[in-house]
Structures are given as structure tokens and as C-alpha cells.
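Both complexes shown next keep chain A, but they swap its partner, so chain B is in the first and chain C is in the second.
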Partner chain A sequence: MVIETAGALWEWSPALATGFWQNILISLLAIAIGSLLGLLIGALAVSPLWITRLPARIWVQVFRNAPWLVLIYFTTYVFPFELHIGGHWVAFPDWVKVTIGLALPASANVAEIFRGAIGSIPGTQWEASRSLAFTRGQIFRSIILPQCFKRMLPPWMNLYAVITMGTALASLVGVHDLIDTAQIASNTVNRTGFTVMIYFSVLALFFVYCYPISRLTQHLERRYAFS
Partner chain B sequence: MSHWLEVFVQWAAKLGLNYSFVLDAYARDSLLQGALTTVWLCLFTLVGSLLAGVTLAAMLTSGKPWLARPARVFVEVTRNTPTLVQLYCAFLVLNMLLTQAVGTANPLTPFAWVVIVISLHKGAFHAEALRAGIEAVPAVTLEAASSLAFSSRQLLWNVQMPLAVRFALPSLVNNLIDLVKMTAVASAIAVGDITYASIMIWTQSDNVLELMILLLAFFGLLSFVVNCVGRFLEARLRMPGYGH
Partner chain C sequence: MPSLETRTEQPLVSLRDVHLSFGNNPVLNGIDLLVQRGQAVSIIGPSGSGKSTILRCITGLLQPQRGTIRVGDTQVHTLNAEAQRIELRKRVGFVFQQYNLFPHLSVLENLVIAPRKVLGRSSKDAEQEARALLAKVRMEHKADAYPGQLSGGQQQRVAIARALAMRPELILFDEVTSALDPETVGEVLAVIRELTEEGMTCVLVTHEMRFAEDISDVVYFTENGLIVEHGSAEQIFQRPTSERTQVFLRHALGDAGRRPVVSGDPYLLSNIGRYSLSV
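Coming up: the complex of A and B.
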């Protein structure tokens, strides 16, 4: 019976791999979009003008406080099925909508990470560089930002791991991902041993992907702690 | 009450939002029931996660490898796997095995499984926060206390824990806000929380946007309440010279 279960698991492993690739693709796209958008919003949030600061603050507050699942439902059901681009109807697949749904909270978190990193640079550095006649733009580009990227890296990687775990929610809106595949496999094979195995394999796959990221993050945190 | 609802519906209609479902007694009751379920879910998991967190933190800092090692493995696995997968592993796998073992006498409802899984999940995060708090207590403080003839139990309860809780409080509150948001996954196994009630309504009448705004406002309100309680506790427990 154990051999049968293992055989069924082996048979389903290509499908599981395809499903997991979908999860990884969503997570990579979501962190890419979220980072670009988040840096933009973070830059607005640290600007000296309140008119740009206020919308950035609202964006961050709304998308950091909303449950991810609700945001995913939001983007899935509110966006249209097709887009009308240049006279053509282009399909707007569900997995892209989920990606946007995850990119929204990601952007809010990246904005906060960015704001935190800039806030963590001692104010004396600003004063010192101003006294050396650097302009505001020059201070940002040559003094503040290079230090910020180092400080942002560990929390950003942490965020990526969290987003990867968030992609599990995609199965709830009908994206054919790892968990969806596992459910189909479990229902098709319909054997107790197999069901146990497949769900714990899903758990193991996520763990194998996310644990090294988390270890690397801890390592970097310790390395950058006092510099 | 119904008069105010009508005024609200008309006001929302001017903004282009169709909230007429709140005038329908059935939809309104199922939403209110869902909101109540979410609040209960939050309260149960809040208490459960703190209990699990304290237990795990005690195991992690016990200094005994046979206690610390399993706790560490549990914390790492919990922190690095999705909640939804953990919920499925519990509800679809463990619950199935339990039902096969005891038949229909299975005492655990989907609600209970959600409480157990989220409590343990957030417990792992609380444990890390508490462990960091316990380790942040300066060694000299403990040495000073033991030189004043505190027993090891007194040392733990009167010196180490009060300080550790104060250090850990901001991240505990952060975890609890996350917990409130996380209860939305209960809808995945058909627990009738507010998310599930909303899904039921928008599959019948096409008003996703209106329900989404309602959902976001509701979760925003819950997070806000947790945040306020956290702020109050932080101010109440503040000790000059410790924490912020």
C-alpha cells in the first residue's frame, strides 16, 4: 500500500511541479510590481510636501490593513474578464489578477520598508552633507540611498517569503496552482494514504522554498546589524 | 433603524454604489451573523494564540534541548509555510483521519479547526517575539535580582517576565492585528465568517465592490480596536527607562 501511494505521488509529481511553478511565477511578478510601485509610493511618503505625502500615507494604511484574501477577491471579481486594448479583446487571466492582488499589499509594505530605511539614517548625515553644499537630490543619490538598499534587503526578502506563502490563496479564486493541483489529485486518486501524503508534500514544498530565504534573511540581518 | 438604513442606501446610490441588499432582512442577517462569527473567531484565536505563544516561548527558553528542539522545529515549519496549507493539512487530512477513527462522533467543527490552526500559527510568531523579549532582559538585572535572594521562580515571574512582556508588547500587538486579518481564511473551509457571508451574497447579486468596501471597513475597524487596546496597554505598562 505504501508503494502504491508513493507510485501515485510520483505519477502526480509533474503536475505538482507545474502547479508550484505557477505559485513561484505569481510571487516573482507580484514582488517585482510591488517593489517598483512601493518605491514610488515610499518616495512620495518621504517628500517634504504634504500634498504628496497624504495620498501615500492613505495608500499604505489601506493596503497594509486589508486582509490579503479580501484583496485577492477584490482584484479577481472587480476587474473585467477581458481588456479592450487597441481594438482587440485581450483575455485578463485570473492568475494576473491574483498577482495584482498580492502586488497591492506588497507595494504598501515596500513603501514602509523604504520609509523606515530612510528614517534609520541618522539626521546628522543630512546635516553634514548639507554643510558640504550637496543639494537634496545629491544627498539622496550619493549618501542616503546607497545605505538604504543595504538596510532594506533583509525585510524585503522577508516580504518576498511572505508573498510566496500568500500565493497559496490563489487556489481559492480558481487559479490552477499547487494547492488546486493537490486537491484535484486527492479527489481523483481518492485514497486516505495518498491524501495525507499529498497535502504534507505541499507543506514540504513551500517549506523547502521559503526556509532558505528566511535563513538567508536572518544571516544578512546579523551581518548588517552594527554597520 | 430601518429608516437610517434607507437614508444610507439612498446616499450611497448617489455615489453610484448599490447597497440595497442591506434592506433585505435575509442578506442583512447573514452579514451580521458573519460579522459576529468573525468577532468570536478573533477572540478565541487571540486567547488561544497567546496561550500557545507562552507555552512555545517557555519551551524555547527552557534551556533543555528535548523541549527547545521540537519547539524550534515547530516554529520554523509554521513560519515558513502558508496558513491555508496548514489549514488544509489540519481540516482535510487530520479531520478526515479523525472522522475515519471515531465516525460521526467527531467533536471538532470547521470553526474549531480554524481556531486551533490560527492559534498555533500565530502562537509561533508570539513565541519568537516573547523569546526575543526574554533574551533582551539584561543579564546584570537578573544577577542583581539573584543577589537579592530571589528564587529562580521569583526571578522568572517578578523580574524576567514583566520586563520581557514589555519588550515584546509592540510585536505581540502587531501579530494580533495580523491575526485579525488572517481569520478571513476561515471562509476557505466554509466557516460562516463575514468573508463567507459576503461571498454568498455577491454570488447571488452582483455587488462585489460594495461588499468589498464593507469588508475592508469591517476589518479596518477590528484592526483599529486591537491597535487601540495595544496602545493603551503599552502606555499603561510603560516603565521609565525600558522600551519606548
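Coming up: the complex of A and C.
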């Protein structure tokens, strides 16, 4: 009985691994797009001009306060399933739509992390840099941003771990990810012991992936706490 | 009072009737101040009397609402573009109470970054000069350390070297020992003393009265955003004319410093409240 269950799990493990790779791919792309977009929006949010600050504020407020599942449904059903680009119809797969759905709240969070980091650099650093005859651009590039990135790293990694866990929502819109694979396996094998085992495996996979990130984040937070 | 204006040489820094207020809060109410090239000038006075604000006006970090400020040939009060203020700041060093070193850069990088990026010096030249300056402030052994690893006195000496690395004509010191432990104050003051002896033009805002008396050519006493009196160090500390200056110095120097010898019964401890007795 136990051996049969373990055997079935072994049989299904390549499929589970493929499914999990889909989750990781979505999470990596989502954090990448979200970070680039978030830094851009964060830069707008700290601009001295209100006309650039306002759209950034709206973006951040809208996407930080919307449930992720709603955003995923939103991107899945608002975007067409294929795109007409240069005379060709290009498929717009669901997993890309989910990636965008996760990248939106990620960008809003990265923008806030960035804005917070800039704000956390004491004004005296600006004053000292100005007294050394740096221009505003030089102060940003050489003094403020390098200090910001160090401070942003722990919350950014924390955000990545949360996004990775959020990729589990992808199965709800039909993406063939780890959860979806587990459901198929569970229905196919149709044995209670196996169902319990496979969801334990899913849990373990997410944990093994996210826990080291969380530990590393804590380690970095402690290291940067005093400087 | 010796009139400073009678000197033939034009003063390096001159402030005339400078007024500045933050909102409805007046800070400077007509400051007149002259600094000759090579002089050490101290500004003393109670907290909140606008001393630090004067320094920030000289280097264009703050803009006064009224009055004229001249540094060399630059009319500081007329500068309205940041680019012009940057030209001014290349010539004026500033050392802060809280050191304000760049925590993400090593000691050497703190000294090299501005000469390289602002003055466009080669990194080899800038580094060579930085090492020489670190040796001057006796910090050459910490070139690769980060500011967070240094004591307050060490950080402040690095901050002075960082200001010197720009080869300024003038350095402004803003209460540079106020945040330090008593033991480390001396090492910072020794560095400033050397600079003044070498003829660097220095303007100091300080609460170190003995030090100010010792190294200053001219001392200004400010209160409520006004210069109450100014003169040579000897004159201000030994023979202040204003009653306000007398009261301030009596408190600042501590009663023991300037109290006349008690006449009459030498065994009568009239000010026993000021001593703590341990039996």
C-alpha cells in the first residue's frame, strides 16, 4: 500500500517538477517585470513635479490594494488569447497573462519599497553631498541609490517569496502548473493516501524553495541593521 | 575695537545685513561678518542663535531673504542656478556636526569620490592626495575601513580630510566636536589647530570656548540672529564689552573659570551648592 503510493508518486514526480518549473518561471518573470516597472514608477513617485507624482501614486494605490486573484482573473480575461503583430497571429498564453497579473502588484510594491528606501536616507547625506559640489544627478547616482539598493534588498526578496507563493493562483485560470499537475495526478490515481502524499509534496516543494529566501532575507536584515 | 575694514586686502568672506527666516520664524536678523584670507574666525553664542545658519548661507545651502554675501569674487546672494552654487561649493569646504560620511563607501573612497566626479581628477591623483590627507589627519591606517567601523573622533577627522580633498579656499566647521566623547574632542581639535597654523581660512561655529580663544584671530558673539559684538579672541574673552557676552561666557566657561578670587574668609564656601562632597 505504502509502496504503491510511493511508486505512484515517483511516477508522477517528473510531471510535478515540470509543473513547479512553470511556477518558478512565472515568479521570476513577474518579479523581473515588476521590479523594472516598479523602479520606474518609484522614480516618478519621488519626482519634485506633482504631475509625474500623481499617476505614480494612483498606480501604487490601485495595484497594492487589489486582491491578487482579482488581478489574475482581470489580466486573463481582459487580454485577448492571441495578438495580431505585424500580420501574424501570436498566441498570448495564459501563463504570460498570469505573469502580468502578478507583475502589476509586484511593481506597485517595488515602487513603495523604492520610495521608502529613498525617504529613509537621511537628509544630511544630501546636505553633505551638496556641500561637496555634487549635482543633483550625481548625488542620486553615487550617494543615494547605492545606499537604497542595500536597504531595498531584504523587502524585495521578501516580496519575491510572496510572489512565488502567489503563483499557486495560476492553476485557477487553467495554467498547467504544480497545483494543476497535482490535481490531475490526484484524480487519475484516485487513492486517498496518494492525494494526501501529493499535496504534502506540493507543500514541501514550495517550502524548500521559499524558506531559504526567507532565511537569507533575515540574514541580510540583521547584517544591514546597523549600517 | 580694531576696525577690520581698514585693512587694505579685501576680505575673503563678507556678509552684510543678512536676514533669513524659516516661515514666520526669524533666524538671522541682520548679520555682518568679515573673514580675511588666512584667518581663523569663531562664531560663539547660545544654541538657536543662528550660528549654523550663517555657515549654510556662506556656502549657498540656504538662501537669505535679504542682505549680501560675498565669497571671493562670488556674490552668493545673487546665485539663482544650482550650477553657480556648485561652482561656489567647489571652493568652500564644510564639516558637519554629525560627520555625514557616506556609509556605503570606504574611508578612501569618501575622500576620492568628490575630487574625481566633481573636479574630474584622475583616480590615481585623487587617491594619492587622499592618502596624504589621511596621513595628515592620522587616519592612514583606516583607509579601507568603512565609516561605521570608526569612532566619532575618527569619522570627524575623515570628514575634515574629505573637505580638504577638494582643496578649498575656505573651510566651515559646524560644531564639529559637539557630538563627540570628551576624550576624542582633543584629536579633532588638534587637526583643526594645525590647519589654522598652516594658514587655511577657517570659520568655526563652536562651543569649545577655550579652543576658540586659543586659535581664533577674530571671535563673533551672536544672540537672537544678531552679532552682539566681535573682536580679537583676547578682547572678547578677557574684556567683553557687552553684558550679554559677559553673561554667556560666564556660563559657558563655567563659574570656576572666570570668577574673581573670593575675598574675605577663605574657608567660607559661599558656593558650596556647586560642589559635590564625598565623605
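FYI, the second predicted complex is superposed on the first by the 227 of 227 C-alpha atoms of A that agree within 3 Å, B and C clash if a C-alpha of one lies under 4 Å from a C-alpha of the other, contacts with A are read in each partner's own complex, and residues count from 1 in each chain.
As a convention for this text, a contact is a pair of C-beta atoms (placed from the backbone, for glycine too) under 8 Å apart; a residue touches a chain by one contact, two chains touch by 3 or more.
A quick note: this is a predicted structure, and the numbers were derived from the prediction, not measured.
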Are chain B and chain C a fit on chain A, or do they clash, once the structures share the same frame? fit
Between chain B (first) and chain C (second), which does A:A17 come into contact with in this model arrangement: first, second, both, or neither? neither
Between chain B (first) and chain C (second), which, if any, makes contact with A:W68: first, second, both or neither? first
With both complexes overlaid on chain A, does A:T192 touch chain B (first), chain C (second), both or neither? first
Pick one for A:R136: touches chain B only (first), chain C only (second), both, or neither. second
Which value in Å is the smallest Cα separation between chain B and chain C when the structures are fitted on chain A? 23
Which part of chain B faces chain A closely enough to touch in the complex? 76-77, 79-86, 88-89, 92-93, 96-97, 100, 177, 181-185, 187-188, 195, 199, 202, 208-209, 212, 215-216, 219-220, 223
Which chain C residues qualify as touching chain A in the complex? 59, 61, 82-83, 86-87, 89-90, 92-94, 96, 98, 100-104, 113-114, 117-118, 146, 148, 162-163, 166
Give every residue of chain A touching chain B within the complex, in rising order. 62, 65-70, 73-74, 77-78, 161, 165-169, 171-172, 179, 182, 186, 192, 195-196, 199-200, 202-203, 206-207, 210-211, 214
List of chain A residues in touch with chain C within their complex: 124-125, 127-136, 138, 142-143, 146-147, 150, 226-227
